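Following are the structures in question.
Common to both upcoming complexes is chain A, partnered first by chain B, then by chain C.
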Partner chain A sequence: MAKILHVSDKHVTIYIKIRGKMQHGGKRMDKHLNSIVINNSDTIVKDWLVEVSKNRHNDYTSAISEDLFESTNREFVNVIFSSLEKQGITSELDDFSEKLINLGWPLSYLTDGLQAFRRVTINFILSQSEKVDSDHLSKVLDMVDNWVDPIINQLVNEYSGSWEHIVSLQRVALQELSAPLIPVMENITIMPLIGTIDTERAKLIMENLLEGVIKHNADVVLIDITGVPVVDTMVAHHIIQAAEAVRLIGSTCILVGIRPEIAQTIVNLGIDLGKFPTKSSLRKGFQAALEMTNRKIVHEKGSDEGIESLLDSLNGE
Partner chain B sequence: MDFQSCVKINREWDIVGARQIGREHAKKIGFGTVDQARIATAISELARNIYLYADTGKICFEIINEIDRKGLWILAVDNGPGIADISQVMEDGFSTSGGLGAGLPGVKRLMDQFDIISETGKGTEIRTVKWVRK
Partner chain C sequence: MRIPILKLHNYLLISIQTDLDDKTAIQFQEDLLSKIHKSGATGVVIDLTSVDIIDSFIAKVLGDVVTMSDLMGAKVVLTGIQPAVAMTLIDLGIHLKDVQTALDLEQGLIKLRQELEE
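This part shows the complex of A and B:
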């Protein structure tokens, strides 16, 4: 059900949906409470600021400067009131939450603030009421809940939406980094692995490795595990399988970058890596790969004249 | 015994979390890089066993500070299906999941003390200690 509720000369007409509860609540009563809150906004804001400043020093906001904290509080309370006046989610709220997300304010600041707002408002309305019976109390509670809850929901949704977005972006970024294959020379390619290897990544490594060997027509593939922090049986198992698959398509796999501590843990675990060659560093692995493809590094005579005389003097000894 | 810190193992990435905390503890106590790698690898095996066979469980750490020696106590607990034949899983090359079958015997060799209690249908508890070499 859509209805024009509050139209002031300053504000553009907005259409909002009235939530189910409010339809039964008696609109006159709601309007009355609404106007109490809006007419006394100064008092409520003052109480609220006191309340919010109370937990300022013992929590997350203590690192934020006084000025910024004050101005954000002002803005926050204005946003709350503008959504009260218009009885719904406003574009101000969207802008405000977006700004806080970008600045990295914690979500708990907003939820705590709204919780405090709920308390302050209920206390204020009750203090203004002449008679307080349970019927009246439940109406007031209902009313304030209907103001505050949609705002909380909206903020939580915005925040979690932004987190999910970041996580999914990072997952994509991680996947792009997970198993690169670099053709360094004709018939020789290198796969440098950095970071933890989980099952999903192990699958990618295998696929990229085999695809790359065929595509680059590689005779030798070097898998560099210098950047892999822990080689446990699962990681070793995947590497063995990948090397075996590479062997099946007619190429050789050399495992390089085995640090001394990793070598010891592999021996302790009792893992047999004897089926394919291994080297301590990428440089040694690369030299071995050159030998396997019948090439070697030749140092050209430099323009240095010193070397020749040095060699001569060595021969003389 | 009260354990200082525990890591719940529910997802594959929790293995990395447990490993990192274990490594931090090991560094703090004064283990060398080789022993740190051994401890991290042992935690990785234990946590992976929980993830693979029991779905959920936890890894707990406790620093042992005795007069004449220091060490790290690692406890792996789960409420999984349990292990029917412990001597079988402690054999090299035995695996039900197509792995290398070096996990538990490997952990035993990586660490200094190793105890395993398991009851079919109730779960498994592995207690293992690594002492700092002097």
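This part shows the complex of A and C:
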């Protein structure tokens, strides 16, 4: 895209704008404006600080201490100027954004700050220029945009990159936590479920359950739904499917941890859970599982009984 | 291809080592029923450990074989159904409700003995 931006009487300057990059004559003009900004950095910084502090009281940064806010502002403005001087993204910008991300500063602080910088700089340049016509104005706007936009892009990319990273880590962590299988005893395995169950998780639960049953050679699997807040038709459907699949591979599934309100919802919704055994608590379910595997809990003789039998034997003498 | 049916005392053991196609399945059904008739077996274990795919037709045939054998006085236990197969069957809505299952051949034999003793 070639565009004639500025035509003066004495010399004709043609700005060729290719993908937002200024070339040829633009460079000279760019340098000129750049030096104006850098030489008057003190004034701009002062204006900028005033502008940024205006936002401070009515939003997110109000919780941050005065000193920290000041020093971060200083650092921020230094980073902006150093990238202006070097005409591009600097390692200082990277370091600065990384530091802010780690400290948990909001992205809006940076974007607001850069927008304020854009406003202040444009105002300053225009106030320095002798004549202001639309050509000159658009040129100045273009130029300042070319300085500020890459910085904004870079910062937004860094921030969103860090967020995406965190989200992906959390997703993995959630998946690991979502369907654990605990082999408590030979042939008895427990799967405690906590939190809401959606279709994706239900699939994961079924996979883990079946793989685990095969792996641990479990005769009985207890699915504990104490931690599942709501059991609606969909959740019940998934649980029934899992139980059926467990039966198909040759094991038995007991549903435990059915709270009174869940029992009420299940019946009110007309869900038929009659086909497989259910128990109110994990303890009862575990006892049922022991019975199924032909085992039982035997209480050892307590010390009281020992004394009683001793007394009995004494009396008998 | 015919699926071999082994006799062990009162039981018949079948280990299916290939993916079943429709023809083999029907052939297997006939073979098993005539073997039950001939041998007078009271229990059958069908081991599906090496079967990776069961479609709705095969599932129907298996269900039928179980009912038919039951009619002829032989209890059937299916063993070693793979998790993936179980999930597919459930997704297809095939629950094989009246079929006994066990984790492996050993458990299957134990289950058969329990049932026959009752």
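The definition used in the following text is that the second predicted complex is superposed on the first by the 279 of 317 C-alpha atoms of A that agree within 3 Å, B and C clash if a C-alpha of one lies under 4 Å from a C-alpha of the other, contacts with A are read in each partner's own complex, and residues count from 1 in each chain.
Operating definition for what follows: a residue touches a chain if its C-beta (ideal position, glycine included) is under 8 Å from a C-beta of that chain, and two chains touch if they have at least 3 such contacts.
Keep in mind the model is a prediction, meaning the values are calculated, not measured.
Novice: Touching A:G250, do we find chain B (first), chain C (second), both, or neither?
Specialist: second
Novice: Contacts for A:N157 in the overlay, against chain B (first) and chain C (second): which applies, first, second, both or neither?
Specialist: neither
Novice: State whether A:M234 touches chain B only (first), chain C only (second), both chains, or neither.
Specialist: Only chain B; A:M234 stays clear of chain C.
Novice: Could you look at A:Q128 and tell me whether it touches chain B, chain C, both or neither (first, second, both, neither)?
Specialist: neither
Novice: With both complexes overlaid on chain A, does A:N39 touch chain B (first), chain C (second), both or neither?
Specialist: A:N39 sits against neither chain B nor chain C.
Novice: Check whether A:T265 is in contact with chain B, with chain C, with both or with neither, and answer first, second, both or neither.
Specialist: A:T265 contacts chain B only, not chain C.
Novice: In the overlaid three-chain picture, which partner chain does A:L210 touch, first (chain B) or second (chain C), both, or neither?
Specialist: second
Novice: In the overlaid three-chain picture, which partner chain does A:S168 touch, first (chain B) or second (chain C), both, or neither?
Specialist: neither
Novice: Of the residues on chain A, which ones does chain B touch that chain C also touches?
Specialist: none
Novice: Please give the residue numbers of chain C that touch chain A in the complex, ascending.
Specialist: Interface residues on chain C, with respect to chain A: 78-83, 85-87, 89-90, 95-96, 101-104, 107-108.
Novice: Flag every residue of chain A that touches chain C in the complex, lowest number first.
Specialist: Touching chain C from chain A are residues 206-207, 210-211, 213-214, 217-219, 241, 244-251.
Novice: Residues of chain B touching chain A in their complex?
Specialist: By the definition above, chain B touches chain A via 12-13, 16, 19, 33-34, 36-38, 40-41, 44-45, 48, 92, 99-103, 105-106, 109-110.
Novice: Which chain A residues qualify as touching chain B in the complex?
Specialist: Contact set of chain A toward chain B: 196, 198-199, 229-234, 236-237, 240, 260-262, 264-265, 268-271.
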